[in-house]
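After this come two complexes, each holding subunit A, first together with subunit B and then together with subunit C.
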Partner chain A sequence: MSQFTALVRVELTEAAKEYKYVWLTIFFVLLGLTQPLINLYMDLILQQMGGSIGVILDPDKPAPTANEVFLSTISGQFNQIGLIILLISFMGLIATDRQNGMQDFILTRPVSIHCYVSAKLIAHWFISMFSLGFGILTSYGCTVYLFGAFPMTKLISFSVLYSLWILYLISLVIVISMYVRHQVLIAISAIGISFLLLVLKNLDPVFSDGFPSSILNVAEHQLVRSSVVSYRSIFSCLLFTFLNLMWASKKLKN
Partner chain B sequence: MITIHNLHKTLNKRKILDGIDFSFQENECIGLLGPNGAGKTTLIKCLMGILSYESGEISFQDQPIERYKKQIGYLSQYTDFKPWMTCRESLLFFGKLSGIKKELLEKRISETLKEVGLQDKQDVPVEQLSGGMKQRLGIAQAILHEPQLLILDEPVASLDPIGRNEIRNLIGRLKQRMTILLSTHILHDIREICDRYIIMKNGRIIKHLYREDQTIDLQQVRLQFRNAVSVDQVLNCFPSVTVEKLSPVAFLITGTHAFNLKHVLTACSLKQLDVISVGFHEVGLEDTFLELAADV
Partner chain C sequence: MNTEITPLLEIDWLQWLPLLIPIFSLHVLLIGITLFDWSNRKKQIALPYVWLFVILSMQLIGPILYLIVGRRSIRHDYHS
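Now for the complex of A and B:
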């Protein structure tokens, strides 16, 4: 356990030395502010975009609810540009250690490969959730201020489920890092697979429940109730995360 | 102490290790030699338990080596610490990973930094250290937990002559109290340190050599003249030899039989060539290594 703690602590300190908590947090806070503001001024934006003729807006269109606006922040901003930046920030999490020999230094100690890989996962999950947490809270605050309140419990249950998706993404980067050495290629591969998974989650629920990304359907269900949602997706996401870790450990040993 | 028996390792359908067999005893210092790609680093990684292998056995004092990770210290080929850590913080981190008890760790860090000559640099960030100092810190992390076996993978390859000398001296001191396996592709750097050499090529051990194996070749003589002479002038003295010009005044002559140095001097003096130095050519480990690495 002390080895695991030492490994996690070094990752967290390194992130602090690289100002990761600062720039990643600022990025997600800005992202969290953008979507509610876009939603608020959407009519105005569309009118301006329409040029001299203007755009005819349906005066009876329903105003978005606070939780819908919040959901659009997550699925529209966090899960697109946010995801790209997050995955770019992960790209060196194994590759750097391998390139500078640190991985060999660590693994020749009485430290198991599982311990090393798990420490990477947990540390980077913490770093991501720290920044994402501020972004989510900012977005929540802004949405509540501009569009009205929605229960904090919904936000918490959503955030917990969303954090499991992030956990899966980190495990995915770890697996890719075992096969790909170049950091940019690691990021590109991870972004490609993640976006593919985001598309696949919208397929028929019977089929898509097996994908780790379908946990986002359950998370979104906490905010905006949908008719069909399967809680098996939570298990599926956790299972894939675990399998990724096992796969990465096995590959590292070979 | 350590026995490696019939070790096989394949990577991407290529045999990286092909039936490696050797053992080493306590307090031996062994040089693992071979050209780049010979399989040295892979062998070391298997030995350290970082890499798996298809078949074979590695045992430490007749027990599976995995149980004895604490008894092994390792310096990898590419030494780079977290640049923002100080020397002391780096050792603290590795000490924790090695499972050294907190109360003992501080004492060991001070002792180890002193041993590698970095006691004045303990609060200096690693990014401010020279290449030689980083390598000494690398050795410090490897010996921090007082291992019985120290494995050093290319410890001097990336250093300047001063750095190389520092590391050679340090290894020389360490070999008094621990077994050392030293991998390199530059024989010159380790020939005064090691007791024994294992030469690898294409995943196989092709030769075991001992320090005493440096021999004198009686069929080759080195000659040095006071003034510059031509190859033809040398051939005039020794018609049935081959002559290699080493410099305008130095030559290496190779015959088919053993030379008599007295006859060599007489032949030169008859042709009025002023010899200032003559001697048999020493066939060192380097020659043997180069020959084996090239031909096998």
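Now for the complex of A and C:
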């Protein structure tokens, strides 16, 4: 167990040396701050920048509620441009260790492979949730200030479910970097697979329970009630994460 | 593309100021950290002035690209 904490601590200090806590946090805070503002001031922006015969929004449209705006921040910004930046920042996860010989150095010591892989997973999950948490809190504060309150319990249950999706993404990057050597290719294939999963989650309500990305449907259900949702997808997301870890450590052993 | 700048002059900037200040200061903070790191590593990284251009020209994406990719690309000795 002390091996595990030591490996996690190595990852965390390395991230601190790269200022990863700072810039990833600033990035997500900016994302969380701009989307509610754009939602609120879309009328004004179109009026000012759209020219004299520009487009206008329907003046009779119902005003968006706070939880809808918050959901649009998450699914529109965090889950698209935020996901890309997050996966790009993960791309050196195993690959740099392999390139500078650190992996051989660690694995010739009496450290089990499961320990090494799960330490990577937990450490990077912690780093990304630190930054994402600040982003989500800023977005929540901004949304509540501009659009009115919605309960904090919804936010917490949403964030817990969303963090499981991030956990799956990191395990996906670990598996990919077992097979692909080049860092840019790791990032591109991880982005491709995760966007494919995001499309597949809305394909068919029964069939898509098997995909790990369908946990986002459950998470969105916490904010905006939808009719068809099944809690089996939480289980499938955790199962896929576990299988990815087993796969990666089996590949590393050979 | 709308290139007329008169609407920009008509905007009531005071009304927007409290909303723009946090966004603007976060951008400045990010670019500041990146430039600090760049000036420390100017001698080590490959193509330092190209990266300076990238940091200053593309806001938000440029500094992040430098921090992920640029600061790791170490110059080889035999090139210079």
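Operating definition for what follows: the second predicted complex is superposed on the first by the 248 of 254 C-alpha atoms of A that agree within 3 Å, B and C clash if a C-alpha of one lies under 4 Å from a C-alpha of the other, contacts with A are read in each partner's own complex, and residues count from 1 in each chain.
We take it that contacts are C-beta pairs under 8 Å (C-beta built on N, C-alpha and C of every residue); 3 or more make two chains touch, one makes a residue touch a chain.
Please read these numbers as outputs of a predicted model, since none were measured by experiment.
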**OP:** Name the contact category of A:88: first (subunit B only), second (subunit C only), both, or neither.
**Re:** second
Original post:
After lining up the shared chain so the two structures overlap, which partner does A:22 touch, if you call subunit B first and subunit C second: first, second, both or neither?
Top reply: second
**OP:** Scan A:7 for contacts with subunit B and subunit C and give back first, second, both or neither.
**Re:** first
Original post:
Between subunit B (first) and subunit C (second), which, if any, makes contact with A:231: first, second, both or neither?
Top reply: neither
Original post:
When the two structures are overlaid on chain A, which partner does A:242 contact: first (subunit B), second (subunit C), both, or neither?
Top reply: neither
Subject >> Touching partner for A:179 - first (subunit B), second (subunit C), both, neither >> reply: neither
Original post:
So, A:30: does it touch subunit B (first), subunit C (second), both, or neither?
Top reply: second
Original post:
Regarding the shared-chain residue A:101, is it in contact with subunit B (first), subunit C (second), both, or neither?
Top reply: first
Original post:
Where on subunit A do the contacts from subunit B and from subunit C line up?
Top reply: none
Subject >> subunit A to subunit B touching residues, read off their complex >> reply: 2-3, 6-7, 10, 13-14, 17, 99-102, 104-111, 253-254
Original post:
If you look only at subunit A, which of its residues touch subunit C in the complex?
Top reply: 18-20, 22-23, 26-27, 29-30, 33-34, 37, 48-51, 85, 88-89, 91-92, 96
Original post:
Which of the residues in subunit C come into contact with subunit A in the complex?
Top reply: 2, 4, 7-8, 10-11, 19, 22-23, 26-27, 29-30, 33-34, 37, 60, 63-64, 67-68, 71-72
Subject >> Residues on subunit B engaged by subunit A in the complex (per definition of touch) >> reply: 11, 45, 48-52, 69-70, 72, 74, 76-82, 84, 93-94, 96-99, 141
